[in-house]
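You will see two complexes here that share subunit A, one where it goes with subunit B and one where it goes with subunit C.
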Partner chain A sequence: MQRYVARRLAQAILVVLGVSLVVFVVIRLSGNPAYLMLSPNATEAERAKLVRDLGLDRPVLVQYATFLRQAVAGDFGRSLRYNQPALPLVLERLPATLQLTAAALIVSLLIAIPAGIAAALCRKTVFDSLTMLAALFGQSMPVFWLGIMLILLFSVRFHVFPTSGSGGFEHLVLPALTLGLYSTARVTRLMRAGMLDVIGQDYVRTAWAKGLPGRTVVLKHALRNTLIPVVTIVGLELGTLLGGAVITETIFAWPGIGRLAVTAIFQRDYPLVQAVVLVTALVFVACNLVVDLAYAWLDPRIRFD
Partner chain B sequence: MTTRSGRWALALLSLVTLLALGAGPAAARDADLIVAQKADVDTFDPTMSNNTTTHNITINLFDTLVRLSDNGREFVGELAESWRVVDPTTWQFKLRKGVKFHNGEDFNAEAVKFTLESSLAPERNTRVRPTFSAFKEVRIEDPYTVQITTQKPYAIALAQLQYLMIMPPKYVQQVGWEEFGRRPVGTGAFKFKEWVRDVRVVFEANDGYWKGKPKVRTVAFKPIPEDASRIAALQRDEVDIIDAVPYDRIREIEGTASLKVSARQGEQIYIGLDTLRVEPFKKREVRQALNHAVNADAIVKNLLLGYAVRLNGPFFPTTPGYDSKLKPYAYDPDLAKRMLAQAGYPSGFEVEFALSPTLQGIAKGNEVGEAIAGQLARVGVRTKLVVREAAAMFDDYAAKKLQMYLFPWKSSPESGRHLETLLHSKTRGYYYQNLDADKLLDAYFSALDPKKRQAVGQELHAYLREDAPWIFLYQQQDLFGVRKAVGWEARPDYLMRMRDVGVTK
Partner chain C sequence: MPRGILQTLARNGGGYLGALIVLVNVAVAVLAPTVAPHDPLDQDIARRLLPPSWLVGGSPEHLLGTDQLGRDILSRMIWGSRVSLLIGLLSVLISLPVGVAAGLVSGYFRGRLDDFVMRVADVQLAFPFILLAITIAGVLGPSPRNIVLILAAGGWVVYARLTRGQVLGLREKEFVEAARALGLGHVPLMLRHILPNVVTPIIVVATFSVAQMILLESSLSFLGLGVQPPTPSWGGMLSDGRGYITVAWWLMTFPGAAIMLTVLGVNFVGDWLRDLLDPRLQSI
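Here is the complex of A and B:
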């Protein structure tokens, strides 16, 4: 088990390194921040001076080496736009993103698991078809469209929730719904398929034959065996959710790292983009590791030695 | 089993309870007056940001020596009570006495010297350095008189100084620049109260303000990046003023009884032509023909719903020397075709036309670009549209790779500095170099006497219109959504000053 964790951590470091290199190079290929930073009257000489002072005139790999050396020491450079160290800027926004992602995940599981079970049990009924239709709809809706529709309906038309911003719980509801519904659709379908698979198995039939109450058969015997693929997909969904948070946070003016990333990219704020991506990659890798470890807990047959 | 389903039930119950709790009335307001802009403040250190959104916020904390009058043409004193030109490169300013910074520090000549010098200090790499690069030094005559010198005779000194927000030397030296960028102290109408990054900035009234205390006790600035969400917040009265209303939402805001649209002069939109490398564009007749081929009036009317002013050259209407008697190029495709034929292009030519939808400031950039491409095709100029992201477009621009490009220009129309920056061969000279224009430009920027500047300006305006380095289009208007209960109108100097703004309940 310990060896497994150590190996996974080593892999994680490789992944994070790879991600950082790709981002480092790609953002530098896509345009220089000097124009966006200086007032429009800047002369060629002033621009060149800024580029030099930021060290952007050196070869990309040399810049990357410097970046790695400093990053190991915890120094991710200074944000060009905010003129402050980049890492604290990211870390202070991380809780907001984690809060939103967790809320979205809860929303999606709370809806998806009961809905998936119910659809499987009522297979080939109107309820089943309607659930699957809703799931199809949920997966096809673009996040930004859904977000704006929710604002128009629940904020502008009926004054139930604030349009955007953060602070109280009421601010969290619409963004969490927006972000969660997409995953809900996917998890519902998976839950239904898994359940259908399991309830045809011998041990479930045996459980019914023993005369166990339906609740016990479904929740204890069937559900537990359906959960493994669901946990896998939930782990992957976390990535989708973190990615979806970029759009959701922008629509709802939610002060998380997704929105920070968007502004940083448009401003070509290299150090800040790098810090955001690294932190996100770390969170993602950590989630995946937790998911893998959860298998062992869910299915005693799985061992990592 | 029971415990697990029990936990589920509890989770569900608490969620429902929380939902019910959230379903209260509209959230409490953070301040008497709330402004929502696209972005948050970058930093409160005014020398470290070159961003209108940020300046809109900081102008309420800091004062400047002079400000632009409401008509957008003259300058009036703020922290400077009066000024005079001592010699062609020296300006003397008499400063207002008895003004204090929010921390009690006195405003005086020392503060002016400190502010300008730290804006120019090479080691600080300030973002506003290019704005003030023509200034040399500040000499203190007495505690309330300063002399500001310029590198060369500089007609637009006041127009540049209107952006110099005066900072407190003692406070900055005491806390350092970084802390100053987080907890600013100025002489302005409002004092810094709170900044929750990406959520809100809150200021409270400075009751000791030298012009009298503001009408509201607190003002908040909130960043709401998404247009639709910002408009929704205004419609629901969560905020009082929003910036950057997209053109296709104007009618909706105008149609709401409690809201109005307030407009101010915005970016000049033009199409730059590479007159140095693209063969056809080297010929003045071709450039003029293109100006006749584009129907800018139709674009203003149909795409921008009339919220733009057609321009007759590279001058803004408020730029000194603007000649309203000059006619814009008339839309006349037949004439354009004949001129192209005379210039040796009877069947037109092919050219790349660069656009950037993410370039801040161009309203409906893609639609405008496509409309123009269609109009040019009618006279035989076949454009290949190249769409780029803003930063990439700037890189190509500086690398002189563009052939023809749709660009905005905003900053400081009252100074006309864009003419020097964009068209003088000694400044950028990327796409246009013309010694005759240089001479006129030099005369224009060294004419300290406003009358003389006006006269030289008219000559320059006529010359550039004729020489047509660009396809001249229009000046957009910047649109704001405002609750009618709020007494605020957009101002021509691009800054959102909140001191005189009241809210009727």
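Here is the complex of A and C:
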């Protein structure tokens, strides 16, 4: 187990480093940040001084090393727009995104787990086909359109929920539903496949052969073992949900880091963009690590892979 | 064989429907200048925000109504299908050969190169791609060419991993060993003996990937980081209509439905191809 944890930790660090390198390079492609920070009528001498102060005249690799050293110390640079350190700005918005993502995950699992299990148990029936058809529809729907259709129905037409913003529970319903339904389709398909896999195992066949009642076989023998696919799915869905949150937050004016990233990109506030991307990477990698370790704990076969 | 294909198509209702949707879509996109009832850029402020023709206040000239500048929604959707299909197809056509080549080489030679390629793939899969995509689109500036390149940069991983997995199994097979014993070089061996055996699953994955790319392009255009106005695109139309959500539901309902229908059609075709070409691939 220790070796497994060490290996997964090394992988996680590699991912964060990889993402940081890509973002660093991409943002340097945008041109010299010093020009964005100065007024257009600054003199050439002022520019040269700022470039030197920011270390922009040094080799890119040296700049990257400096950037990494500062990032490890919690310094992600200053937001050009807010003229404040970028990290606190991101951390301030993080809880809203986590709240939305968690609510969406709950919506998704509440619908998808029963639906996927039922579809697998009723394999090759009309119910199964209809569930899979609904899932295919769900997978083909752009998440922003789903959100807009929900706004049209529940806010514009029936005035049940507010169109956007944040505050009470009623503000969370539509965004969570949008993001949740968006992932429900995928989770249902994965859940069905996972359950089919378990049903096909020898011990389930043995349970049937022993003449156990169907309820016992399903609840005691099959269902308990679907816990492992559920954990895998949660891990896989986190990326989808965090990605979907960027768009969902934009539609509903939800004050999370996704919306912060989109506005920062339009304002060319690259240090802030960089901070959002890195914080997302950290959150995501940390979640995945926890999921993977839970997985190894639940299924000892994984550890010795 | 062609008869066999048609028979499975007839048995597979979804595949039939999907193929129909895709064919109609392609035809409409190709024939956009002739089938569109109006110029998609033609503004007419006097006739702005007209509802669809079957509603009170609608005009028979504008079947699906007009937008905030009085442009015909149906015509813009017809022209918009060009953008969606072209970007979806091009990004797959670029990422597929790159990914397949990377997978072939890393699976065939193994070693350091393989480690490197797979670590890069891991990093890319371990992060929500849309966040990187909007960052790159924001920095490089949103143009159709950049969008295609960004989507292609995100798409190659799937092919690389799939191809590599298949190659790892194939390189130990006897026919590959026999060809090697006969003195065939690495490159001809890969191209003539290994590649033909991985084509089938790649075709299936590529089909689903077109659907995925169309969705991603529409998301980028919706955020304002994709195809820029006034060029009509489905995602862009949804974005333009957002300010009028309380007064003109048709601005966003129809283009979104077009995206969903197209993606659904492509997914149906993908499902059908998977069943037809390789029933073992149920998990993809």
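The rule we apply is simple: the second predicted complex is superposed on the first by the 241 of 305 C-alpha atoms of A that agree within 3 Å, B and C clash if a C-alpha of one lies under 4 Å from a C-alpha of the other, contacts with A are read in each partner's own complex, and residues count from 1 in each chain.
The criterion applied here is as follows: contacts are C-beta pairs under 8 Å (C-beta built on N, C-alpha and C of every residue); 3 or more make two chains touch, one makes a residue touch a chain.
From a predicted model like this one, the values you see are computed outputs, not experimental measurements.
After overlaying the two complexes on the shared chain, residue contacts for A:Phe161 are found with subunit B alone; subunit C is out of touch. Of the two partner chains placed by the overlay, neither subunit B nor subunit C lies in contact with A:Phe67.
Within the superposed three-chain model, A:Arg93 lies in touch with subunit B and out of touch with subunit C [touch as defined at top].
Within the superposed three-chain model, A:Thr43 lies in touch with subunit B and out of touch with subunit C [touch as defined at top].
Once chain A of one complex is fitted onto chain A of the other, the partner contacts of A:Lys220 are limited to subunit B, with no touch recorded for subunit C.
Contacts of A:Val262 after superposition on the shared chain: both subunit B and subunit C are touched. Contact with subunit C, but none with subunit B, is seen for A:Asn288 once the two complexes are overlaid on the shared chain.
In the superposition on chain A, A:Thr250 makes contact with both subunit B and subunit C. By the touch criterion defined above, A:Phe24 lies against neither subunit B nor subunit C after alignment on the C-alpha atoms of chain A.
Common to the subunit B and subunit C contact sets on subunit A are residues 30, 148, 151-152, 156, 163, 250-251, 262, 266, 268. Those residues of subunit A that touch subunit B in the shared complex are 30-33, 35-44, 46-47, 49-50, 53, 81-84, 89, 92-93, 106, 110, 148, 151-152, 155-156, 159-173, 215-216, 219-220, 250-253, 255, 259-260, 262-263, 266, 268. Interface residues of subunit C, counted against subunit A in their complex, comprise 14, 119-120, 122-124, 126-132, 134-136, 138-140, 211, 215, 218-219, 222-225, 235, 238, 242, 245-246, 249, 252-253, 256-257, 259-260, 263-264, 267-268, 271, 282-283. Put simply, subunit B touches subunit A in their complex at residues 1, 4-5, 11-12, 15, 18-19, 21-27, 39, 42-43, 45, 48-50, 122, 125, 127-131, 133, 178, 181, 196-199, 222-226, 228-229, 232-233, 235-236, 238, 358, 389-395, 397-398, 409-411, 417-418, 421, 427-428. Remark: subunit A residues 11, 14-15, 18-19, 22-23, 26-27, 29-30, 133, 136-137, 139-145, 148-149, 151-152, 156, 163, 193, 239-240, 242-244, 246-247, 250-251, 258, 261-262, 265-266, 268, 270, 273, 276-277, 280-281, 284-285, 288 touch subunit C in the complex.
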